[in-house]
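In what follows, subunit A forms one complex with subunit B and a second complex with subunit C.
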Partner chain A sequence: MDIVSTKAVRKYSFLAKTSFASKIAYPLDVISRTFFFALVLFIFTQLWGALLGADSSIAGFSRQQLVWYLMATESIMLSNARIERRIEDDVKSGAVAYILIRPLHFVWYQCAIYFGESASSLIFNILIGSIIATLLVGVPPISVGFLPLILVVMTLAFLLQFLIKIFLALLAFWVEDTGPFFWIYSKVLFTLGGLFVPIDIYPEWLRRVTVAMPFNYILYQPARLFVNFNLAAFVQVLGIQAMWSVLLTALVLYIYKQGVKKVSVNGG
Partner chain B sequence: MSTAAKQLRFVVEQLRVNILSNMEYRISFLVQMVFMVLNDVMLLFFWWVIFQRFDNIAGWGQKDIFLLYALSAGTYGIAYTIFGNALRLSSLIVEGQLDYYLALPKDVWLNVLISKSLASTIGDFVFGVGMCLAIFGFSYKVLLAIVFMMVASLILISAATIVHSLSFFMGNAEQIAAVFSESMLSFSLYPISVFSLSVRALLYTAIPAAFISFVPVSLLQEFSFGLFSLFLGVAVFGIWLSRRVFYAGLKRYESGNLVAPRM
Partner chain C sequence: MAAITVSNLRKTFQVRTAAQGRIKGLFNPIFTEVEAVKGATFSVERGEMVAFIGPNGAGKSTTIKMLTGILHPTAGEAQVLGLTPWVERQKLAMKIGSVFGQKSQLWFHLPPKDTFRLLSYIYELDESVFKARLGKLVEVFELDELLHIPVRKLSLGQRMRCEIAACLLHKPEVLFFDEPTIGLDVVAKRKIRELIASINKEDGVTVFLTSHDTGDIETLCKRVMVINHGEVILDSSPQLLRREFLRMKTIGVRLEEEIESFIHPGVTVLKHKGPGLKLRVDTAVTSVDDVYAALRQHSRLADIYISDPTLDEVIEEIYQATGSITLGGGGYR
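Moving on to the complex of A and B:
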């Protein structure tokens, strides 16, 4: 298949690299993002401090681990490139037709851009977040040797995130405004993804519902492995992430194929 | 008619026009409002989860926290429904877009702030009042809560205007204003007792978030004339200071010579 050939890999990697570079060209918005990040971590450090004593824990998480957990989930959340508006505009304006005539697949073209933009933000956010979290609660016992494995899980988390987002954005072929879908999705991530607290703290019935869905594999699972690595859990998470990725890829490609049939371009 | 009564009539009339212009796109207006209410309800999810495990957080029960959210949302709702332009004051200053207001025979400070309403913030107000009704039922406390929201909204707008007015003195203060707004909002959504003493001191002074939610909630739980006087005093002082800073800055204002139609 075209997308797995070396030439295709080189092509899409170049796109990702260009997006990476363009994202770091604007350092000004970095200031407010850093402040926001520091503010959230600071408030939660104080909150967990008021709730938990120095050596007590909740659902197996100490105060220090909870702060680092939040650092990881927020890093993923804040780094997630906002490609949805652009995709929706391309679909609605018919600009998608110009990508159709290029030697690129629309979905993987967007994927490369998404990964390029998200990666630059993620590196920055993890770096800043780690400094802030270290200043607030110190360094947790993270095994550095496992970090490459966590990176794999994080990459798949971003892939899942991309697939869900492009699926929602492609609905613009049928509906006028996909904004509400993204709004609902952001709330779903906030609740079922486990943005602020690990889902182990949720009531049992809700935890079961959450585990059965793909959203916790975007935030909760990578963050949990980051603060408390376990090889068996890693293998399991990786397997389920891969399964959701395959399912969602098939769904996205199907939706895209159906949607493209609806494109009609009137001149240029 | 006294000056105060005239100003109040002007505010009410402008608010009516702003709401009517928002309602021109009725469906979009309603959707934005409903989504804001849902957004506020979803924010309670975190606390609901926490209260499944803990009875109280630094002395605050679930009802107290929900009341904190109600007061905070209601205050933001009133503030930005009436003074919706406060959020973009620094960009108006930097881009030299105050000319329009300078040419009108109205108080510039007031006219700039009230000439826009944010449709979605009405949803915040609806949520705030709805939560108060859910907590207190049909009690006089709901009316009291609305009065407190109004007073707190004056403090919020005064503080925001002061920070935005920094653009008169130091060039573009948009980033500072954004950071300030974010801090005010974030701190007003958590019980003040979880913070250290130095942070609490900050929340009564430089970032007066305590007056947005904590003080009104305390007053609703146990009314005290002393605290209420302080609350009112801070609002009056805030408006006075905000106007002083704004007009001092206005003397340094440079027009953008922008020629644009106002629709």
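Moving on to the complex of A and C:
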């Protein structure tokens, strides 16, 4: 496959860079989204404050850790680019053709754009989120040395998120409207992903179910490592994320191939 | 040497019958076969500039999509630059370029130079090759001042110049232009046409053009293919097309003396006001000379002009003559 050649890497990384630049060409848009993020963070901090005393904890998470946990999960959640609508429109209108006419692979093209756009919001969200969280509960108990490792886990979290989203979006080859799938997916991510609370507070059976699925590797695991780093846990999370990435990539490429075949043979 | 050869290319789509209920259609869909392209056969020489015209739903887009490898044909063969498009799409993509007038390839919020840079990576151009090529295009297309302005702030004409320059960066050998002058004003249209003509001349690029603008076709192409249902129903030059296919002439005269009426076989009076007459002459029935002589019997002529019908009228005539067209169908798929 051409994916591994350096020219291909340059191709897609520059594509990501371009979509990043295009996104921040609209600073007002970025700032308004960040403002919403700040609001969510503030409200939940107040909520945690009311539920927990200053020194009590839930499932091993102190109030301070919970706030920083929420900062991390919300950053990932709100930064992830909304590519689904565009992909669905492209699939339905046949605009996929404009991408296919270039020496690009549709899936990796979308992936590059997803990463570029997501990164543009992530930077702002983490920046603003950290300021707010620091103001509310103080500096987090994490050493700066682990941050590059956290970044690796976060990148894979975004990759997983992308693979799930493009998988759902590609279903547009077969169904009229993929909207309901995305609605369900976002609710699944809220709960099984551990958006608001760490999944450790779930009953044991539910926690097990949750861990067996990929969703907690998108939000819960990166955020937990962020507030409470542990090398053994890091290695384990990385391994499982990689496994899910490979599985989902295979699935996405397969379904894409089927979809294209359907369109090119039957005409959608 | 042929750049494009197509033989018996066919494409049928299966379209879900819309009349069927939604739920019922989900489990037991009924499909109707729609033949978008039925047996297209033609070839285009290297360096040729060909107009590909037909009404909406005539199979233009479908044919182009097969030629660029996006669609698999149902049957038939095609070779573009010696490659079978749908088998070697990625390889072919490196050698062809396209501009779709209604779909921009430029990044809307970024200046054109960013898109050019991105394309240099997409087409895997070496830095030196890219720089030299861009330099030349900037010069020819007069893009110097536009390069650093976000695309959203460019006028449509300026944007189109950038679009066309963008599709030329990788030195494609075959270009597909779909409505390249749509929405442009007269001056911008002329500019774009000049540019397309110069690319064709200088680089010897094969140009495959679809347009509803007959001006594009007449000024650019020496060859016109009229298609319907993906069948080439006429393959000619724009001039020949008019001469051969439409035997109608329009004659306008101003007589020195007013006349009551003018009746002559094969002549329809389009307008008659005082000494002025506008006539539609069917040269299969009568000749221009006969009409002239008949007019002279009534009066001396103060002024006369004879004109060909417009290409639009010719094309309309062709469709009417060949019949069986479905106007306003299809579109992009």
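Here is the rule we go by: the second predicted complex is superposed on the first by the 261 of 268 C-alpha atoms of A that agree within 3 Å, B and C clash if a C-alpha of one lies under 4 Å from a C-alpha of the other, contacts with A are read in each partner's own complex, and residues count from 1 in each chain.
The working rule: a residue touches a chain if its C-beta (ideal position, glycine included) is under 8 Å from a C-beta of that chain, and two chains touch if they have at least 3 such contacts.
For clarity, every value in this text was computed on a predicted model and none was experimentally measured.
Partners subunit B and subunit C, brought together by superposition on subunit A, fit side by side with no clash.
Once the two complexes are overlaid on the shared chain, A:187 sits against subunit B while remaining clear of subunit C.
In the superposition on chain A, contact of A:213 is made with neither subunit B nor subunit C. In the overlay built on the shared chain, the residue A:93 is in contact with subunit C alone; subunit B does not reach it. In the overlay built on the shared chain, the residue A:32 is in contact with subunit B alone; subunit C does not reach it.
Shared-chain residue A:131: touches no atom of subunit B or subunit C.
Contacts of A:14 after superposition: subunit C is touched, whereas subunit B is not reached. Of the two partner chains, neither subunit B nor subunit C is touched by A:243. When both complexes are overlaid on chain A, the residue A:47 reaches subunit B alone and has no touch with subunit C.
When the two structures are aligned on the shared chain, A:235 is found in touch with neither subunit B nor subunit C.
Using C-alpha centres, the superposed arrangement gives subunit A a vertex angle toward subunit B and subunit C of 90 degrees, stated as a multiple of 10.
Between subunit B and subunit C, the smallest C-alpha to C-alpha distance in the superposed model amounts to 10 Å. In the superposition on chain A, the residues of subunit A contacted by subunit B and by subunit C do not overlap at all.
Residues 31, 35, 38-39, 42, 45-46, 49-50, 52-54, 57-58, 175, 178-179, 182-183, 186-187, 190, 193-196, 199 of subunit B are the ones touching subunit A in the complex. Listed in rising order, the residues of subunit C touching subunit A in the complex are 11-15, 34, 36, 65, 68-72, 86, 89-90, 93-94, 96, 98, 100, 103, 105, 107-110, 114-115, 117-118, 121-124, 150, 332-333.
Only residues 28, 31-32, 35-36, 39-40, 43, 46-47, 49-51, 58, 180, 183, 187, 190-191, 196-197, 201-203 of subunit A touch subunit B when the two sit together in their complex.
Contact residues on subunit A toward subunit C in their complex (touch as defined above): 2, 7, 10-11, 14-15, 18, 21-22, 25-26, 93-98, 100-104, 263-268.
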